[in-house]
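Heads up, the next two complexes both have chain A, just with different partners, chain B and then chain C.
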Partner chain A sequence: MIGKLLQVEFMKLKRKGIWFLVFLGPFGVVSLQMVNYGVRKEWFLHQGTYNWDYYVLNVSAITPFALILGIVILTSFMASIENETNTWKQMLALPITRWSVYLSKYTTLLFLLIIASSLLAIFSLLFGIYLDFQNDIPYVDIIRYSFYPLFAALPVLGLQLWISTVIQNQGLPITVGVIGVILAYMAYFIPDWLIWKWPSLDNQWNEPLLNVYWGLAVGIGIYFVGMIDFIRRDVK
Partner chain B sequence: MFTLFQAEWFKLRKTNILPILFTGPIVGILIGLFANTDMFPDEANQWTGLLLVMNLTYALLFLPLVTGILAATICRYEHQAGGWKQLLSLPVSREQVFVTKYFLLVFLILVIQLLYFLSFTSVGLVRGLTDTFPMAIVWKSIVGGWIATFPLAALQLWMSTMFKSFAASFSVNVIFTLPAILAINSAKFGPYYPWAQPFSMMYVGGDTTDVFFIPWEQLLTVVGGSFLVFFIGGYIYFKRKPI
Partner chain C sequence: MEYIVETNRLTKRFGKELAVNGLDIKIPKGEIYGFLGPNGAGKTTTIRMLLGLMHPTSGTVKVFGKDLAKERIEILKQIGSLVENPSYYPHLTAYENLETIRKIYGAPMERINDVLTIVGLSDVAKKKVKGFSLGMKQRLGIAASLLNNPQLLILDEPTNGLDPSGIIEIRNLLKQLAAEYGITILISSHLLSEIDQIATSVGVISKGNLIFQDSIESMRLYSMRKILLKVNNSERAWHLLISRGVKADYEKEIISLSNMSDDDIAEVVRLLVENGYSIYRVEEEKRSLEDTFLQMTSEASGI
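Coming up: the complex of A and B.
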């Protein structure tokens, strides 16, 4: 049943520009570095920071921020397919359980975000090779900084999917998303317990993996809260 | 025309606009609470320092993004269940509808700016700032930021009349807003990028002798020019839009 529902979700994604956004997000993150390195290459050379490690750090400074924006946009898109055309009724009148509808939306989103993170790893590797640094390519770091933020952002994904499916007016979830983006932008100033800080992989113990564990644990928690709320609501 | 404003007002009251308007001060307070103002020398005015730090994030990201949300919100009623048809079958011209919606949007942004002003003052009071309040600088910043959103509002209104989905018009907004982070760091490109103008107009460190923080030529050509392009584009699109 889930397989069929996933097929349906992907069908609904067609011709909405969503695949373009999935490509544009990671491309945008790396192209900001293209501009950065295009303008300031001499400065990096002068500082002695023209190497892979600094490059990976530079890329990962923008990632959390782009990731949260991506989550806000994609979840709202996914929910608005039913919300703005008032077709929840039709969808839920089918002989399917509600939890599987919610799960298939979540899985689709997760799949799109994994594609985006993989593209980020590929793009940052390619541009790094083009920049021709002297030291060895840190494959593990590139993969780590492309995928850790995604796992750390799972609570945000759960929250956004929850509010955009249960609130019909998409202005509100997007507004919550914008506040999250602002918090993610100020990640280094906000306390560790705010979920919007986690994708930055920064915490007082300097251990990025902690954010990943928190993200997975709380992410699953928020997912279930959202799903149970979705199941119990009346269909408008 | 007046009755159109009235109609918009009635619709607005049922649109859940208040939570969106109040994000302005909420974001202001969040930034004000978490931001670090220790970097300024002691002789600098504390209020100006606080305004500078708060405006960094507020004007660069929040203001352009919320403009788009408001634009999509005021078009929401019409996108649902054939609202455009109903509205335009009334004895009003499409031009009037577009202009009314634009004025309403700009008015809402002004409300957000004023609420932000309130949150700025409260953050300062909570922090117990004792310096004299730099009234002229603060108002220059608040009104300047407002004027700088005029072209952005015009483009977002255009996008919101075009797309039914919030997410679609919001992604257009994001795509243009994010490069502003880079643009403000560039002396060559920054002054010409419309999405960087709210930041420049609210940036307290700018030239304080003029009426606003950016030169008149830049205000008229970049803000005025992009306003004309986006407004006329949206206006023509809306006039010909098949309903």
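Coming up: the complex of A and C.
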């Protein structure tokens, strides 16, 4: 059943330009580095920081912000497909369980975000190769900094999907989303327990994996809370 | 009798407001059940509960003899529905819209073309629904409801936005479905004239209460013309008629006879004349089904 629902979800994304968005996110992150390195190459050389490690850090500084922004846009996009003419009432009167509908939405979003994260890894690698650093390519770090933020951002994904599916008026999810984007931008200054900080992989113990574990645990928790609420609600 | 839909004290409360109050709907197999009521009477809320979209505050719904709360999926496999305004994905074509639903039912691919032909949308199958007129969207909704060859069709105001010829087409289609395939149909409307031309049984809802439920014939009888007699000594005349086995009512010096043939009326008049009563007036009071409906709903709101 989930397989069929996923096929249907991807059908609904047709002609919506969503694949362009999935491309634009990671491309945007790397193109900021294109500007950065285009303008400041001499300075990096002068500082002795013209190397792969420093480059990967530079890329990863923008990633959390772009990721949260992407999550907010994609989730409200997915919800708007159903909210536009209230197809919820049509879909939920079909012989399918509500949890599978919710799960297929979540899975579709996760899939799109994994594609975006993979593209980020590829783009970072390609531009890094173009910059022709002298040391070895840190493949593991590139992959780590492309995917860790995604896992750490699962609670935000769960939260955004929850509120954008159960609330018809998209004003609230967008507001929460915008606040989230701002918090993600200020990640360095906000306390560790705020979920919007986690994608930055920064914490007082300097252990990025902690954020990944929290993200997975809390992300699954919020997913279930959202799904149960979705199941119990009346469809207007 | 076998009921396809049977609700027991079905109730829905939104906060303090009682939207649906203790409904006992009974829809026999093969009937076209007209669900009538003014706007805001609770029709759509009831239909949403029948489809499991809303959870009843209390009471139960049985469809095909199964409890909806327990066997929702099994039941929904055999129901086609159209709730309120048509729902569709504007950026997809008519065909693609149906495909999103067909996949979930697991119905054969050809079924899409079949239902498009049935509702007369074959020509625009490859066009985006964005550009459709309201009537076309409504047809698409009906097409979607037929995809799974349902045993029960639940249509909420299906002729909304259709032009007169479209309304007639849909009406004929529904009659045909009921006659040829024995599909049971629940169709809601706030227009009695619409229900009158298609339904075989009727339920009237007003302010959340089911105030009438019977065959359309009984509703017609209810609204049959009445003959009013004004005679001298009317109360005694009424007793005379009753004693002779004539069904007559008496109110405010007037004897009223309902549901009688012309011959019966002539017989009553002769009887009264032969017994020495003076007949001042014989009047006919006509009540349309519409009047009956309005009277029913206004009586209910008076309570």
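As a working rule, the second predicted complex is superposed on the first by the 236 of 236 C-alpha atoms of A that agree within 3 Å, B and C clash if a C-alpha of one lies under 4 Å from a C-alpha of the other, contacts with A are read in each partner's own complex, and residues count from 1 in each chain.
The rule is simple: a residue touches a chain if its C-beta (ideal position, glycine included) is under 8 Å from a C-beta of that chain, and two chains touch if they have at least 3 such contacts.
Here the structure is a predicted model, which is why all the values come from computation and not from measurement.
Touch criterion met: A:E84 reaches chain B and chain C at once. Taking chain A as the reference, the larger set of touched residues comes from B, when chain B and chain C are compared.
Residue contacts after overlaying the shared chain place A:P95 against chain C, while chain B stays out of touching range. After overlaying the two complexes on the shared chain, residue contacts for A:R15 are found with chain C alone; chain B is out of touch. Taken together, the two structures place residues 16, 84, 86 of chain A in contact with chain B in one case and with chain C in the other. Of all residues in chain A, those touching chain B in their complex are 16-17, 21, 24, 28, 32, 35-36, 39, 66, 69, 72-74, 76-77, 80, 84, 86, 169-172, 174-175, 178-179, 181-183, 185-186, 189-190. Chain A makes touch with chain C in their complex at residues 4-5, 7-8, 11-12, 14-16, 81, 84-97, 232, 234-235. For chain B in complex with chain A, the residues that touch the partner chain are 15-16, 19-20, 23, 26-27, 30-31, 34-36, 57, 61-62, 65-66, 69, 72-73, 76, 79-81, 164-168, 170-171, 174-175, 178-179, 181-182, 186.
Residue ranges of chain C in contact with chain A, taken from their complex: 48, 51-55, 72-74, 76-77, 79, 81, 83-92, 96, 99-101, 103-106, 141, 144.
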